[in-house]
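Shared between the two complexes below is chain A, which has chain B as its partner in the first and chain C in the second.
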Partner chain A sequence: MNKSFKLSSEQFKTVFAGLSEHYCIVGPKRFAGLGRFSDTDLIRYAPLTSIDELELAEKSCFSPKDLVFPPDETLFYFNGQQFSEAALPDNLEIIVLLRPCDINGIDRLDRMFMKNADVIDPYYQRRRSRLHFFMIECRESFENCFCVSMNANRSDNYAAALRFGKDGVEAEVASDKFLETFAVNGSVFEFKPEFVSENQIKVELPKVETMPPEIFTDKLWEEYDSRCISCGRCNTSCVTCSCFTTRDLFYGDSRTCGERRRVWDGCHLDGFCDMAGGHTFRKNKGERMRFKTFHKIYDYRKRFGVDMCVGCGRCDDVCPEYISFSNCINKLSARLKEGAE
Partner chain B sequence: MSLDLNRKKVTKNAYRITKRRNYTALRVRVPGGHLNAAQLSIIAGLAETFGDGTLHVTARQGFEIPNIPFERMSEVNAALKPLLAELQLRHGVQIDNIDAGYPGAGMRNISACVGNRICPFANADTTALAQRLEGMLYPNDLHVKIAVTGCPNDCVKVHLQDFGIVAICEPEYHYDDCIGCEACVKACERKVTGALTMQNGKVYRDERRCIGCGECVLSCPTAAWTRRPGRLYRVLIMGRTGKRNPRLAMPFLDRVSEDVVCQLIKNTLPYAERHRLKCIPKEHIGYIVDRTGLDVFKEEALTGIEFNPGARIAKTIQWPGYNTLNDANFKLISK
Partner chain C sequence: MSAQTTANPYLPFVTKIIAVKAETESEFTLTVQAVCSITPGQFFQVSLPRIGEAPISVSNYGSDWIQFTIRAVGKLTGAIQNLKTGENLFIRGPYGTGFPVDRFKNSRLVIVAGGSGVAPVRPLVDQVVNGQLPVKSLDLIAGFKNRASIIFTDDLVQWQQKSNLTLTIDKQEEGWDGATGLVTEHIRKLRFDTFDDLQVIVVGPPVMMKFATAEFRMLQVPAERIWVSFERLMSCGLGKCGHCKIDYTYVCVDGPVLNYSYAANLID
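For the complex of A and B:
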């Protein structure tokens, strides 16, 4: 059976309406006036009630990671005697419309939460297993994107791939689950998604098997001591940042009843490295930048064989101090080369 | 031939009497303090062609072009035409004869801070509101000073105006997006009023302390604070400089819509006309309010206004200021 189709805008609306009956459809959506500055918009992932709400012109400020890893999630309730796990509010399956970089980003989270040694995180898994990826074909990069350098510009991990054009949608349907609705509403057509093959921003990854220890204390990191204000935006907007803290909260003045939550944390934020007894390490922002950089493009690779960072460029988009992560990677590579000479 | 001028007419045409006999200075209005480079070139051209090639940037964000011979007023007025079209007609000002220069010298230029066209702190496009007010109010013969500022930092110093308009916001909290990083709490504590506190890892806002500056929105890394859609303002009234009793403007209306602000100021014009002292040319609005009392001002200036839900009004006002005649406080320290 042929698996690719062409649909007029009207036909695609019918597909969307049909799917909406059984799935929650989520995609990047524009919220007018809710941007950081007045009279600016906020683009973030949210349920879509119509395909017209899908924002394609601009990159979202936040990633779709909320769907599998919400900013604040109750894990279980306790009362001093027992505990019970928090149920999900519903068990709707979710279709998420997202670009290849974010599909790869969620793959990086999968490795972290489900393929890390033998431990599978059940709270992550129960959300992850509800997701179906509808890939938004991405042929032109946005500002600050460097997905090609990170080898995250392509993906074949999707239930359907969609090209949104002026008068309709071209679709390749990879999952049989969704085949019928596309086949019934659209007409047969040859379509294979294309991918960005070059970004304006290119990074050169460090070509070392092992980081030379001197680089940890290199003066390269010093500039970030004074530049970074540890606002944490690079962490919260990043699709692959997966750090969290756990927080127990007690109801009213109870000492026994309450709940345990896990809440996003980030290596640039104050308090991330606080330990029992009050000790803290990585006090300097430069050390935090170093830690993030190594995690994104070195340590993670050692463990999982791919880089963590997918080059979505959101960290560069949102940094109020104009700190550019892609520039930082290039600075590191240049420094390593100098050292080798 | 000797000059024979109708001084009152000339003044109304925005030319002032200057120290130098037979020479005048033209006041150019720039509502909202923002203009484009081409308009600036026209103003520069006026100074070069008719004046002495210099310009004064006024405290109210207009220009004063000095040393123009009175005889050349009609030529200047003709050259002013494109400026009047762009900076007045465009904002809705009615001018009967566009060839005759400015139709009035009052009220004073409406100034504005840079607002959200430039400033990240701003809660509104201050220039746009100043221009809207210009369209509604100019020309008139009353002594009223108005300025619009984008946030409570008050860079344009609305505290010294008769009507000081401060754009504010109502921060809305999205509980599920908050990660308890405390950035907003620290920002409000260090820079503003300490309206936010942490409880159980979440943030609580004391509405009575919150002044709607928007610092919390700016500082949140997860957009857990956003501005509630719809513009809101605080209106401070009857601040002034001057020879008698300088004082700061005080909050009168809070959390009101743009329409309420505009209607309030519009209603003030007939109020001032009714109560002003007729024996001096232009009594400053603040002194009129001093004479009638706040209650009469309230009654007349609020007539017919439909307030937005959530609007608040000051019960009483005591203006901090001083009388310039307090000589008793001074002693000689050097003879």
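For the complex of A and C:
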């Protein structure tokens, strides 16, 4: 049974300080002057030393996915004939403060890394199992968000849900692990998190059971042939993009010692499908856009029963060519409707 | 398997190369010592630490050995070509869905393979030829670009004795007294009175598979009787890295062998 509490800002600081002794607390944080444009700030997930560092006013540029799936991760070391699995650099338990869309985003990663093909990815699992979700209540949309259309605006997958107010924090605690510190420092209170119920941006998902073959080569994708520059920012900023490739590297003069890493890859990037001997697929950027779009709102659902995209809108936030994924989904649905008529 | 095999599916294990055989100027067959349970059509992630890893089909296997037939066209395959007997090759697998061997039992089996596509069907052909897999008949069409690119020459001689083998090269060359022309031309010559016990396998480069399967469909062969094997870039073989995804299919785990009734609808 979940219990709810109200805490003053000071009381919550005490909770934060107490938790910090046992957990690394990670949340969206503002880095002044590090934004993409001059005189703008970068908001990204980082360890927080105080709750005052938690950024609530703006959406983070990157998702928290690197907590479970870092951009670059050593899989194992090799020395001639032996391989040794790379250990995690630390044994920290992590509390991550994140919004419902990102909780749902990590759920989409869980399905890929823990369920697909009935294979559990050990590197993902060991990072995932040490995460504890503290959900930031999210009642209002940021720019480009369309989580409601993607049915990813709500979640009950959290250890605690927090409402940050001017004079304190209201909290619903779902995990016994964290009950004591909230109970000792706060007072019992009725609180249930609320969720954003309408975004300014809405998408209409395609209502087809099977994608008709002609839509794969529809003119609608041609726009992206010239507009997309295959920089892959949409892939890297996406909380649910999970593709990777492996890279071997070796140390200095050594002929035998080195390591194999996995690094993020993306379906918009050149070389994603290149095979030895020169065969490749999806040379055109429009085809890559089609591939990504279908994956996010169609293929994944066929495989896992839920859409991959969570509507966080980060791909639209970061695209240097102002490509809008939400617009693309709407254009696709409109085209499918036209075709059906 | 080697003692190095652990629960971590990304860790390769070491195998010793016990034979190296040049097939053509750029293709070669390595035999490594390893004990694995394999189905024809499956593949391994083969690697050389420091250079990289790639999916390679099993081109034959026995109780304690596995063969890989590799074309040296890239960084990794080029480096593997330099390996000698006694050196190590690192592998993990086997991965993927192989051929549905049981369904081929007592069938009239037609296998069409082009170029290096002969490698993944070789264990299956061997099973038929040595009687391990009984079939009513085996028609085998093996197509190569030219004489110099023919692989498995010794096997082809043996196969010829126990199957209806058509060994064809794309264009006539001096001194060649065998068949010429693309595999499609030879598929066209096949006659089917009934499809009841027919099973067809098509493996080769993407363009060849496209036209070869189309040819069988034109001969009214039901799509369910045709089996294909796909080749895609793969970094994991475990359904994680995303490179081999087509629609909602992951070639590494749902394939590489797929029934054509399913594969025909996949658009990259």
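Here, the second predicted complex is superposed on the first by the 336 of 341 C-alpha atoms of A that agree within 3 Å, B and C clash if a C-alpha of one lies under 4 Å from a C-alpha of the other, contacts with A are read in each partner's own complex, and residues count from 1 in each chain.
Throughout what follows, a residue touches a chain if its C-beta (ideal position, glycine included) is under 8 Å from a C-beta of that chain, and two chains touch if they have at least 3 such contacts.
These numbers come from a predicted model, not from an experiment.
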First (chain B), second (chain C), both or neither touched by A:T236: first
First, second, both or neither for A:G33, with chain B first and chain C second: first
First (chain B), second (chain C), both or neither touched by A:D265: both
Most chain A residues touched (candidates chain B, chain C): C
First (chain B), second (chain C), both or neither touched by A:E143: neither
Contacts of A:E58 with chain B and chain C, given as first, second, both or neither: neither
Touched partner set for A:D176, first chain B, second chain C, both or neither: neither
Chain B versus chain C as contact partner of A:D72, first or second or both or neither: first
Shared contact residues on chain A - chain B and chain C: 247, 249-250, 265
Sites on chain A touched by chain B in the complex: 31-34, 36-39, 42, 44, 61-62, 70-72, 231-233, 235-237, 247, 249-250, 261, 263-266, 269, 271
Chain A residues touching chain C - in the complex, by the definition given at the top: 75-76, 78, 81-83, 85, 112-113, 116-117, 119, 121-123, 213, 216, 242-250, 255-256, 258, 260, 262, 265, 267, 272-279, 281-282, 291, 294-295, 298-300, 302-303
Contacting residues of chain C [partner chain A, same complex]: 4, 6-12, 14, 47, 49-54, 71, 73-74, 76-77, 88, 205-206, 231-233, 235-236, 238-243, 245, 247-248, 250, 252-253, 265, 267-268
Chain B residues touching chain A - in the complex, by the definition given at the top: 116, 120, 122-125, 167, 169, 175-181, 183, 200-201, 214, 217-219, 221-224, 226-227, 229
